[in-house]
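Naming follows writing order (A, B, C and D), and every chain is counted from residue 1.
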Amino acid sequence: MRFASDNTSGAAPEVMAAILKANEGYESSYGADAGMQRVTDLIHDIFEAPEAAVYLVATGTAANALSIATHCPPWGGVFCHRHAHIAEDECNAPEFYSGAKLVLVPGDHGKMTPAGLGAALSTTGESGVHGVQRGMLSLTNVTEAGTVYTAAEIAALTAMAKAKGIPCHLDGSRFANALVATGATPAGMTWKAGIDVLSLGGTKNGCLGVEAVVLFNPEKAWEFELRRKRGGHLFSKHRFLSAQMEAYLTDGLWLRLAAQANAMGQRLARGLRERQAQVPEAAANMLFPEWSVGHHDRLEAAGAVYYRFPAPEGRERARLVASWSTTDADVDTFLNAF
Amino acid sequence: MRFASDNTSGAAPEVMAAILKANEGYESSYGADAGMQRVTDLIHDIFEAPEAAVYLVATGTAANALSIATHCPPWGGVFCHRHAHIAEDECNAPEFYSGAKLVLVPGDHGKMTPAGLGAALSTTGESGVHGVQRGMLSLTNVTEAGTVYTAAEIAALTAMAKAKGIPCHLDGSRFANALVATGATPAGMTWKAGIDVLSLGGTKNGCLGVEAVVLFNPEKAWEFELRRKRGGHLFSKHRFLSAQMEAYLTDGLWLRLAAQANAMGQRLARGLRERQAQVPEAAANMLFPEWSVGHHDRLEAAGAVYYRFPAPEGRERARLVASWSTTDADVDTFLNAF
Amino acid sequence: MRFASDNTSGAAPEVMAAILKANEGYESSYGADAGMQRVTDLIHDIFEAPEAAVYLVATGTAANALSIATHCPPWGGVFCHRHAHIAEDECNAPEFYSGAKLVLVPGDHGKMTPAGLGAALSTTGESGVHGVQRGMLSLTNVTEAGTVYTAAEIAALTAMAKAKGIPCHLDGSRFANALVATGATPAGMTWKAGIDVLSLGGTKNGCLGVEAVVLFNPEKAWEFELRRKRGGHLFSKHRFLSAQMEAYLTDGLWLRLAAQANAMGQRLARGLRERQAQVPEAAANMLFPEWSVGHHDRLEAAGAVYYRFPAPEGRERARLVASWSTTDADVDTFLNAF
Amino acid sequence: MRFASDNTSGAAPEVMAAILKANEGYESSYGADAGMQRVTDLIHDIFEAPEAAVYLVATGTAANALSIATHCPPWGGVFCHRHAHIAEDECNAPEFYSGAKLVLVPGDHGKMTPAGLGAALSTTGESGVHGVQRGMLSLTNVTEAGTVYTAAEIAALTAMAKAKGIPCHLDGSRFANALVATGATPAGMTWKAGIDVLSLGGTKNGCLGVEAVVLFNPEKAWEFELRRKRGGHLFSKHRFLSAQMEAYLTDGLWLRLAAQANAMGQRLARGLRERQAQVPEAAANMLFPEWSVGHHDRLEAAGAVYYRFPAPEGRERARLVASWSTTDADVDTFLNAF
């Protein structure tokens, strides 16, 4: 009954096997390993983007902060949802790396709307040097609220950003889950939908610690490399990052793992709804149902592990996250305890 | 004949086994894993420092930059050897994290002398707000030139820094090699010798990617935690950092690995000297011998892999690094080719 | 009919005379001039704060950014009104100098309420290292909307901040106008009301370009001096900053100038209300009345100069600012044109 | 006998008169004043550079730091003389604004040589992402040692920088003195000699506090404006900066003032040499003669004011600086006391 986060799961067996295999012999360091070339080829192929520049780092915060710093000047504003991970959960890392400012866009269920983004875009950067300039757009998919943007929704938002001349980032720490939930293709949800740079998550979905940054426009590739090194995020034994990502992307493993996580998230949602719990929209592997404090306490006493947040009227909201390693039995045990 | 760097080696079997074992089941994330407590206990014990705050990151640059940022204000100067890794090989990461400036101290064979440090200390911070202030001292052991400081030499230098009221950092990316080379104890080479904060390397000496930062004075522990997160260096699946460091420090594995690396470095030095090569002082696993360009070319053609640097009179300097995985046979093959 | 800003006025004759007088002979540079000691004595006296550290810079943005950087760590959040000058009009200078993040607090008419601040304080800094930490409070008086906080209102807000252990800044670019509008004493509106550091404006109210920073707790004085120099804000011919501030604070000049500006602002507000214009609360020298676009155009054609902002229903909001140099005749000409 | 610095002088009468005149009436703020257009026209004309972008700030440190930040990326190295003002006297402001690192180039008498620069250029930026990259060149004229570069010497150094693809800055806090000393034209010493951006000093040579930044290639003009605002260096009552610079550049005032300062510096040097003092090369208004500590003490007792620096063998080096306001009588009084 461990539903605290998908990062409390371990790594998938295929990824572990790749790590073991990568350990054989000597290998060039700092990204010059043969495995990295294979990762790049895989991403070129999967994303139908043969020109993209691809880099690996070990944390999602690094992937996001470096992506933003490479695309937004220090006097720019990064338009993001008010509850975005970059706004609430990265201890100002994006600002540290970029010098930029986050411009918070409202929106229900973790999603910004065209109207919300439009308002932010039109009131920012209109006072000469005095105010923050329009810098870039950063979307998150799966969102922090467990909802998803369709590729069309992303395209609609990026079009508004592009009309103002600013680039677009997608925080895809749960990108595979978003693909599975929407049926979009990797290209369809990214560069075909106006995304310039993607944080492609591996850690939460079956790796030990690896995220790719995909620069669909490789113009800033060298700058990215320098920023990665300057941030201390270039691994000497880089082969161990490459090995994870290669295994993850090979033969659709990443999508199979995400499909399992999503299926378990949906099974949980269905089960809770059948039990009369109030479960807001949840498209992937993460849900935020709400019930009484007393009921929370009983579940914890029964061994359930998850995050609890204050809610009105003596209730609390749960954050329940399924992962690639969550089983039917795990879900059913929880539902029975419920 | 792979002598380019100790980071072209893989991970030791014990470390790999620990990674596999750590993968079982669910585990708390972001440093709250049980393994991290065991790492802290091990370091407390090994360093005779039960109050020390201990943190893990994945790269040496991160360990150094965060250690410096936590101890040196943005207007401070970090006294370091002019060829220190933080000065030459980290793409300004220490400056990026701290805002501070590096004050380069000269010295032969990668070591600063008391006279050199004294001159730098006395000419810095003497012009009010106009110049950089005295900030901290950063030493490296094993040095970038392959030499070592004895514990007494470190104590002499830190005493000079302390007399000016500034804290002292030790970049120990090859700390185990320095211990083996000098016979010093972990405590003897660090806090007993005036070191306040240590970057304790694991990556180069048999891990996949892990470095500990040991704050002997834990006053700045919380600040370090915030800086680590803000730099994107806090791992979600932190258990995999803990597992490496735990295995590394258990039952003296780290010292055995370093002893092998050093022994191979010394075997190489001995063999080269017997063959009339000019080999400067080399106390651990890294040496910088010099010979003609033509001889370098022949060695490369024979399959030897290492770095070459320009030297006067048509010669070049080699950087040869042995690692925990270097064998007698590896060395002898090289010597035979030589 | 120049009502665009109080910074389109020149300097008061007394201030100009002081500049001329300060130009005689040689004088020590970088803040060691005799005039600076007199400024410090004046501020100690006027603010009943004999321990305060006092510094001069030339712009309000510098005063604010340095005040914030000296009191808020890079991982801290600065609680400020969502329309604060530091949030909207300083091109990220506070973030640049401090590394901190602004946490925007809502509130009508440019003022944050205890409820609004309370909500922000309670939802910030509650997620360990992941989110921004509580850093400091920054209030503005006169506010950007032309309203004022009473000393008691300030004290209520700072008490909430102090209860969370964070320091409090007052952006007083129009501090004299706020004193005149509320009748508070300088001490009463600052340290007696919980303010730790004050940006004391001179430029807008009759100087050429000078702002004082008053650190009521001088513990961070040396850090402030270093940050000022590092920001390029320490004047070599500092005597010319001192001369302005000395004249400004001597014999109550600053309050007389502010009284004139406020009187003219109020005369304008009264006149507009008599002419059926909608004029929101305006306590000092700045008002934001609203009328039709056509009427704006007619006023501009008649020679009126001021800023216009979009408003609903085909209307626009004016920003009208009176200054120390605004006369009855200036106001009446505008009202007649109206 | 005030020879401590040219910044202990006041402002020239013409500059003061301009300040008074600029105070009349209302004027647009933040650089939109009519005077700024006249300043730009003057600089276009004087520098034969009709396309240059021109900005004003109040301190030399701001001019330098902003010039560097606009032209050097955070991972770049700024090649400068080891005793450059930006290296020794600005409390890391250039690093703060740019994120870059200073690469110190040796050279006698404050001047870098082609050989010294060549060595620095060839050993920097040759290790991929690991080391600092080649960023820009920054020269100072008059140098910190009181010597000057001829236009041809500048051209030789900038050619080496350009060959590596990096831009060139000239710190001209005493630019007028350098022109007078060498007979070069403003264009000849700047863009015709390969300079891309100039800090053009006014403060030390008869202004209250104003420096121009001249971007001969205006491509980065908007970035400069944003950086200036973000640094808190955009004046609201900008007319007072414009007035100083306009008066300074009108009818050759700046060159007349510098000619007087230089003449007094040379008179002092001549007089000291006649009195057997050891006076190193001194081409403009600043000299660094050396004599015994006892003799220094006697001069101070007689009322002479200047800086003293340690020198070998019980001697001390003086820094004597003449300014636009130094008179023959001032010099002769000093020489008589000597």
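The criterion applied here is as follows: a contact is a pair of C-beta atoms (placed from the backbone, for glycine too) under 8 Å apart; a residue touches a chain by one contact, two chains touch by 3 or more.
These figures come from a predicted structure and were not determined experimentally.
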item	value
Interface with more contacting C-beta pairs, comparing A-C to A-B	A-B
Chain at maximum distance from chain A, centres defined as averaged CA atoms	D
Rounded Å distance between chain A and chain B, as computed from the means of their C-alpha atoms	34
Geometric centre distance via CA averages, chain C-chain B, whole Å	50
Chain centre separation (chain A, chain C; CA means) in Å	41
Shared interface positions of chain A, touching two or more other chains	30, 74-75, 90-92, 96, 129-130, 226, 229-230, 234
Residues of chain B defined as touching chain D within the complex	74-75, 88-92, 95-96, 99-102, 104, 127, 129-132
For the chain C and chain D complex, residues of the former touching the latter	2, 4-5, 7-11, 16, 19-20, 22-30, 57-62, 64-66, 90-93, 96-97, 203-204, 208-209, 226, 229-237, 239-240, 305
Residues of chain B defined as touching chain C within the complex	30, 73-75, 128-130, 133, 223, 225-230, 234
